[in-house]
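Below you'll find a set of structures to go through.
Consider the two complexes below, in which chain A is the common component and chain B and chain C are the respective partners.
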Partner chain A sequence: MYINACSTISHQNSFRNENWINELTVLEEGSELITPNYKEFIAPSAIRRMSKIIRMGLTCSKDCVEQSGIENPDAIIVGTGLGCLSDTEKFLNNSLTIKGLIPPTSFIQSTHNTIAGQISLALKNHNYNITHTQNSLSFEHSLIDAILCLNEEDSNVLVGAADEDIPLLGELINELGFKGVSNHLTSGASFFMLSNNKTANSKAILVDSYTVGLNSSDPSEIINAFLTQNNRSLNDIDLVLSNSFGSIGATEIKALFSPIKVTPIEQYTGYHLTNAAFSTHLATDILHQNATTKSVLIYNTLYNNNIGLTLLDSLEA
Partner chain B sequence: MSIYITGVGVISAIGLNTEENYQSLKDQKTGIEPLQFFPSEKEILAGEVKLSNQELIQQHNLTAPISRTSILGLIAAKEAWKGNEHNSQIRTGIISGTSVGGMDNTEIYYEQRLNEQNPDISLITTHDSGNTTERIAAELGISGYINTISTACSSGANAIMLGARLMQQNKLDRVLVGASDSFSNFTEKGFRSLMIYSDEWVKPFDDNRNGLNLGEGGGFILLENKKSLDITNNKPLASLVGWSNTTDAYHQTASSPDGKGATLAVEGALKKANLNPSDISYINAHGTGTPNNDLSESTAFINIFKDKVPPFSSTKAYTGHTLAASGAIEAVYAVLALQNNVIFPNLNYSIPINETKLVPETQWNDRNEVNAVLSNSLGFGGNSSSVIFKKV
Partner chain C sequence: MENLKATLKEQIIERLNLEDISVSDINDDTALFGEGLGLDSIDALELIVLMENDYGIELANPEEGKEIFSTINSMADYISKNKK
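Take a look at the complex of A and B:
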């Protein structure tokens, strides 16, 4: 399957910037989301009512549509770890503090499928539309669904993920005892146009994606089984993009893949549950621009017991 | 490739298991009553599961903190899974749907926090929807493919069809699919803010319908392929033959007057099942009892079936609208309809909708052969899903 468009809004200068992979900077505490001019993608009257996660998701989707020229994808698939937190908190607060009639907008926009729903409305799209929410594996589950669609009758699938940070989330993380994490919580969205057709826009090949939830086996067995399933071995991998929580496991992850180069991506994305989508965009652009990198493995263990594996190849591989 | 259903489980306002649910349907007994267990300032009609969290936790040996959404899902999943064992030859997964996840606990926590009453932080750990499914998976010893779908009121139907698609593409041999949602202040006030919560008993497909009553519950079905059946020796109860997920793309919450999304979903499911409209013996409609849903869905029936709309009914007047769980609970009812050759009566109906004149089934009908059942789920975001179950 070909990746024919990618679009990311993050704390890096990633949106519509071909050179972003050379400009990555390690995030400092309290870094900010770098937002595009949303008015170029969404009507100003609509933007006012939209929370950050909806703006990001819709803008990245429209960007993918523009880049690929596919205006009516056969499926729209969105992953989100925590969904529309801002509207959820707003309605929760209103429902507990307002006596009498409460404005419905934040309730309407609180459900996880608001992002995918808004994309379908913007594209006037009547096709398959779904939202996956499996904490740190929400994006991988979306990719797996996209692969199912492309193996069925679909030709072009818009797939992506979005999560938003709200102040309450940091406070809760602190109270739950995760030290030093709350200043690195971030928002982000990445969307992709996947296709069965290779075009002039094609950037890389998505080979496969796989998840193991509530894992109790040795991770190396799972990695090897996934690679074997795809007729590969670790020797075929040029780069691993890893993802874990805090500094937990960083040394173990390096050891797991040694001597292959491992780049932990949380230093660039900060923490949100679907930051593996950022890795997928990063991997795509590295494969597209760097001739010596032929295969990238994304190893997502943001939640220790939930493993996400995604394999990408360069077009020439 | 055939997809067999070999286990069903359901908990709702009309019963704690499948047998109790069936008996209530047969007795035409609603589970919608003024709330008993959920603290509320005024009288609210809702389809509450008739046991408190504490009673459910004790009966099923669970450990707190756990959301009511997880508890209800777990009870239904355990019933559907009953008697099955793990086997390394059978790749097994679980997919659950939920719209609000652990909101029942979150709203308690949030209120404590607002009022500075020593909030119990452990309650917030059950908020995320993925946690709901992981709790169920952990109790049943399932690891590997564990996923949660959140497409509002069509989540259950979408979980079911995703399971089937993973099996058809040889990713899994057996998958437990379903959904659950608990009653919450959040959703009750939400539907009230949209002016579609009725303070009367819900009247699906009636011209005087004036909104929904919320419900809560869980439903699960166990799907197996032939390879799995050969090992488990389970007896198929029915098969899952058609499914389709489409989008209305009309409004974030309202359905289109021409029923576009629902029409496409039913058409897609019939095509996938390779059935003609006339092959459908019974439609278990989404039928929430809101003016907008029932009109849009009726219009879709006429679009597809013309002047030969098959017998149809909504079971929402028994259970209330259980949101994400509705498609899963109604999947269990569809299997019951096939097994017993029955069509469930639509309660509280008296006058046909003026625009469509369609008359739902209102009598317990066990005279006909029921061979294929169509189940509809329509939701926020324009998500429209249909699934078709058949006799094996």
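Take a look at the complex of A and C:
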């Protein structure tokens, strides 16, 4: 299936910037989310109560619709690790501090599926609409769902992921003992229009995605089995985009894929549970713009022993 | 009554996150829903909560809400007659 549109809001200058892959910078502590003018994409009457994660998700979705020309996708599928944290925190604080009725807005918008729901409302789309929340594998689960939809009767699927950072998250991370990480927590959203049809807008091919939760096997066996299932071997991969937590595992990951080039992406995305979606956009644009790169494997081990594998090919592969 | 109307406007702007709108933008007879301020059903719930928490008025009959919440004038009038 073809990736016919991508859109990312992140701590990089990624939104509507075709050259963004050449402008990547290693994030410094306390880097800021780079946002577009949301009011260009969302009606003022709607935007006033939208938190950061909803604004990001909806704006990227609308950008994908505009890029692809697909105004009414057959499915809207969203992955999020922690969901609408800002509204959740607000709702919980209200429930503790307000005597009497609790204001409904933050409660209504605290659920994980608010993002997909708001996209559906904005696009006036009544098709399949679902949210996957599977910790650090939420985006891959969304991709797998999208692949299943496209293998059945759907032609175009809008799929993506979003997560937001709030100050409280950094405090909790510190209390959990992950020193030095809280300043690298980030927000981000990446959305894609996947299609069975190759068009003039097609950028790359999504070959497959696969997950293993709480893995206890040798990762190399899982990687090789995934590649074999897709009639590949490691020799067919030109680039691996890896993703791990802190410095844990970075050396092991490089050794796992040696001599293939491995680029750790957390240095560019910071940490949020669906930053593998950022990797997917990055891989797509590398495959689209760099003729020598034919195949990219995304290896996501952000959280413990969860493994996410996503394989992309160039259109010429 | 004028003080109550001014307070209501401030509360509505703050509780409903009406960005880019100030007290002076809301006339006493501006329709709060539809073509006027453009409030929606979630806002209606917020107004019900505001009435109960801030003025001690519980709307027993939701059907009345449409009339009560039609303008600042109608809200202020209802509150002044029913405030506990």
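The definition used in the following text is that the second predicted complex is superposed on the first by the 317 of 317 C-alpha atoms of A that agree within 3 Å, B and C clash if a C-alpha of one lies under 4 Å from a C-alpha of the other, contacts with A are read in each partner's own complex, and residues count from 1 in each chain.
To be clear about the criterion, contacts are C-beta pairs under 8 Å (C-beta built on N, C-alpha and C of every residue); 3 or more make two chains touch, one makes a residue touch a chain.
Only a predicted model underlies this, so the values are computations on that prediction, with no experimental measurement involved.
Look at A:A255: by the touch rule set out above, it reaches neither chain B nor chain C. By the touch criterion stated above, A:N127 is placed in contact with chain B alone, chain C being left untouched. In the superposition on chain A, contact is made by A:L176 with chain B only, not with chain C. With both structures placed on the common chain, the touch criterion links A:Q118 to chain B but leaves chain C unconnected. When the shared chain is aligned, chain C comes close enough to touch A:R48, but chain B does not.
Once the two complexes are overlaid on the shared chain, A:P103 sits against chain B and chain C alike.
With both structures placed on the common chain, the touch criterion links A:H141 to chain B but leaves chain C unconnected. In the overlay built on the shared chain, the residue A:L82 is in contact with chain B alone; chain C does not reach it. Between chain B and chain C, the partner in contact with more residues of chain A is B. When the two complexes are superposed on chain A, the residues of chain A that touch both chain B and chain C are 101-104, 108. Chain A meets chain C in the complex at residues 44-45, 47-49, 98-105, 108. Interface residues of chain B, counted against chain A in their complex, comprise 99, 101, 106-107, 110-111, 114, 121, 124-125, 127-131, 133-134, 137-138, 142-152, 158, 162, 165-166, 169, 171, 185-186, 189-190, 192-194, 245-253, 260-261, 264, 379-383. Interface residues of chain A facing chain B in the complex, by the touch rule stated above, are 76, 81-83, 89, 91-93, 95-97, 101-104, 107-114, 116-118, 120-121, 123-135, 137-138, 141, 144-145, 148, 151-152, 172, 175-176, 211-216.
Chain C contributes residues 15-20, 38, 40, 42, 45-46, 48-49, 52-53 to its touches with chain A in the complex.
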